[in-house]
């Protein structure tokens, strides 16, 4: 019997996922091009789009072009490697799979395939609260380096339950996303007529109560007194930190002052991210603010990065700009749509080799040698010896 | 019987205004796209165009892209609102309807529909001297926050009469436009063959005498000794301030020195504006000069802004750059053309929500929290904590 | 009998010049668009092109976009005018006709028509050494403000003879062009197959001897020992200054050090010009270097400007950047091609009114009020009061 | 009998090389346009492409546009020339033929034709280790100024043998390329399906042993422990310097610190180059780093330059930015493909004359007069006297 999700995509003129690595994929970013044929147009608009008029989405990509890498010659790289220690664990490389919701949109096996790819490539995977498969089921297929992305739930009981389930299922860290209390919609997805298919649901949350809608009084704002009434607060975060002994990472940091406050209150790590341009249209590129946030938290505090990475040289630029590791969002979905676990694993392997080639050309044998001095700009001090 | 203006537009292959909010309008700026089908091409060229080769028109839009907004996290916005006090009145939000002449060009009921939309959305409307309907008639449909835009008339008697009529009809402020003593024509409108239809007239002025044309002597300039002979002077403005006890606002300020002189002589507020790019082709974007004008007049003096706003994030950027409130010109006309009062009201509701979403994402609960520190640029100090 | 030049252009699918001002010309620059139909494509490539890959040609236009004009309000302009004193003569306006060679390429009456337009509009005309009609014939049709552009001739006798003929024919100044000792060819003109028609000749020079070609020895450069052997030197210029009591102006100055040396040796005025992008592809825009040259020669020394002007606001920007007057090259040819003397006169009238409108909007009643403070740029001090 | 390479290109719809200089070549860069018809599309993708997404390839060209040349007037250039002394030899001009591998891809006679063009135009040619014809055969056709480009070989014996053969064949300098220990592939060439034809081989290396592939152990990186294990080291370079008394030049320098270390260890000259954008996609343009490298090595140390030159004005800009001479890569191949030795010689002649015209316009009689002061930029000090 054909799987329902396959029928959906077929009827939308989208190809089902391949059972092999396609020819003509020469770099990780080729999956972005190829995925157009494997994802139904409305879903593609939703996945590829940012929010509003996609200004921040475009900025996320553009700024990478303005960071240039200075090659170095004759360095001894025979002992080179990409290992790092992060939150008490040794990772073989700094490329992580970002939490991406509702992966059933592009593959019937959804996050299970992604987890298999993570395991096969020694990649740390961050599972979304809004996964299409339960966190328990996904855990059975992932490698040991698996983290859980948390959205604050309407009730603290539900939030605590998620934390406990994640810990029981072997997730090693909690990444709480804070930049989606309110989001501008993607105009492209609206124009494409995207709606979430009824069979794609947040299965992790199915047992939790759904609160009734707030009735606004006259003069109240649908935004401030409506949507934002549910928004998490600094108190909520402080409470969360007490509910788990897993390291807590916050995701969505774009302002140095916020970063310093998170650091001071005991947050274990932070993700500099504008949610891939999906939250505030008009926000700067994540890469643009990264150096200021690194400056604000000091050299030793763990910073992750996402938004806009499509190649190994992008990863190098993010690390040179202050990140310790990066997370891959859209390429993960694109590769999943094209060829399931095989696609995601292949994409990760390509990214890692592109990154290693870039390290070798910049003369860096280890991640710790990657720094702002490797980047060139017309006005920078880098490259002035 | 079909209304004459409808016949005109129909014969021009333009659709008549809808009696409902159209589907597929997802943001305020969508009215700009949709309006192309509801406005006859020559009128559209006149309305959408600026002047000359539209360089300033383009700059007005472009500069918004170079201002980026820094998101903030976890702020308590449950008491958030958009209220402001302006010229002694409490306004529920800082979005005003700019004075736009001859609205019968796009809708048979013209400013009456606009006034109805203003009333329905608690929006302050500024009625143009050159309205297609009399200021008295429009006043019956507008909300309490209605202001009157004044052009100096050829005779002081006519100007005084307009002031008195406006006050009698309940207009609460006088906004005198100073940047149109001379204007470069819109080459686009000329090329499109636009002429004002004979039934679209400045009904407010029909009772006033029209002065004879000035006969130039040999060697005199058609510009300096012709058109500019009628131009208002500083003395005229000083005289005007004595003719009314309503607050007087000047519109069209682009130079800090002018702003300081207006402030010193008792002008109640100023509109930083290049007339939507319709006056001097080659002038900077209004947004470019706004911070310098705010610096010149100090933090507490009321400044309004127009030229180029198409979204709530544009409003946020204008306020962060020094404005207390903004005026909406072209989107007003576009929404009026598409769906009359319903369209204008819908457009205003969308703009306001877009703005509130932006405030929420920037962590601003009130307008007073919006400032230059919310904006990011590669070289700015914002975001450096 | 049909004029030979008309036959030539007709056979090239180019329209003959009109006997009237064409409709649909709304600004001076419209002649540039319209001229495409009145000039044979190879000639158009030659006239419109610059040199090399037209990089400097493009720069000449682009930089005007980056100079913005700050509007001023309520200034008394009733005594406004555009008069200036230049080299001892009073000119009614600062717009001059640049020397343009071989005008028979676009009109059978060539420079005679141009001269008529100059006379009709009180415009100072600079006649090229390489005019298609003799300087004596053209003088009969020009106004009193006529200058003669000089190319150094292979023999000093010929140069002296030209000087004397120009003075006898009432030309009031000598403008010696120095930037064409060697020029990069226009690749566009070469690709279009342009060659000078045999009936278009430098009639002013027909009586002078033509020197034999230099035979290069082995190892000599066709450039240095060939073409540049004939190039004028500082000594030649010093000699020239002694041959005439007319004011001598040098044309083609782009470097402040050259400007200072010319000033010190008694040159009466200078033209900041890169020859409309026709000399060195890769040179800066003339407007880019103008402020530095003004700074080098001090505020009172006469500087003219050409290269890139297409509108009255361009003229304003050139004057605000340091020029006392401007010369119009390509628009002159385009208007001549479209409608002969009528076209050139109409183009000049449009330019002048566009310029006066710009002055009025910037609040400048006289040329002396136009200065760098009227220009705005994001980083400039202008507009900071 | 038709030559095999010709059959290959004919079957690919590519034209065979012409036996004459084609009409319609008006500048050296025209060979780039024309070559598209003479090179099979996959080979063209390989030759024209850079690496990765060709970002550095594009930057190499773009930066030339941002360097502008200030014209000077009335300089005496009658003794002008382009001679220079380089590594103890007098060269008639500073334009060299860069080492380009596998020229049989575009011409059946390959490097023999290139050598003939070099001899005919007094051009110093640098022959690639990977030439399609043996270094001994090519030497018979080249002029006296011939250098040999060296890739370190897997065994020191092979490297020494190459050095000795080069010296015996009269090559006057050794240029060792250091930036290709690892290269990002050209995605364009991969997409075009390019593979090296079997009859195009590195004939100079046919007698040397090929080492077996390294077997990676678990956890080892294909990049670091694989490809980079063979990479040359500083020790290798020190060893190389002792193996020959010919001057040794290193090629591929992009960082000032590397440049200083090479200079200190006795390297005779360096080539600032990013390998024409073929090594690290994301590296700066070679021209961008050139001034910093000149500053690092001091004014008298010999620096060559390649990457992006297409015209004489590009050569001028490179010399003004710090180079003593330049090398021409792609234009060499394009001209070879179009018309063999005639094409290459014609291209070199055009380049040289374009360069001399540029020198003349900038008022430089000798190479030593070309310096940063000839370049203009909005913010530079050049042109400020």
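Letters A, B, C and D name the chains as they come in the text, with residue numbers starting at 1 for each one.
Convention: contacts are C-beta pairs under 8 Å (C-beta built on N, C-alpha and C of every residue); 3 or more make two chains touch, one makes a residue touch a chain.
Remember, it's a predicted structure, so these values are computed and weren't measured experimentally.
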Review point. Over half shared or under half: which fits the residue numbers at the contact of copies subunit C and subunit D, same or different?
Key: different
Check your understanding: Which chain lies the greatest distance away from subunit B when centres are computed from Cα atoms alone?
Key -> D
Revision key, fill the gap. Cα rotation angle, subunit B onto subunit C, in degrees to the nearest 5, is 90
Check your understanding: Roughly how far is subunit A from subunit B, going centre to centre by Cα mean, in whole Å?
Key -> 42
Review point. Considering subunit C alone, which of its residues make contact with at least two other chains?
Key: none
Point to revise | Chains grouped in pairs wherever the two touch, ordered by label | key: A-B, A-D, B-C, C-D
**Study point:** subunit D residues within the subunit C interface of the complex
**Key:** 24, 26-27, 29, 65, 67-74, 76-82, 92, 311, 313, 316-317, 353-354, 356-362, 365, 376, 378, 383-385
**Study point:** Of subunit D, residues touching subunit A in the complex
**Key:** 52-53, 55, 59, 178-179, 181-182, 184-185, 187, 190-191, 219, 221-225, 227-229, 231-234, 236-237, 250, 252-258, 260, 274, 279-284, 288-289, 292, 296
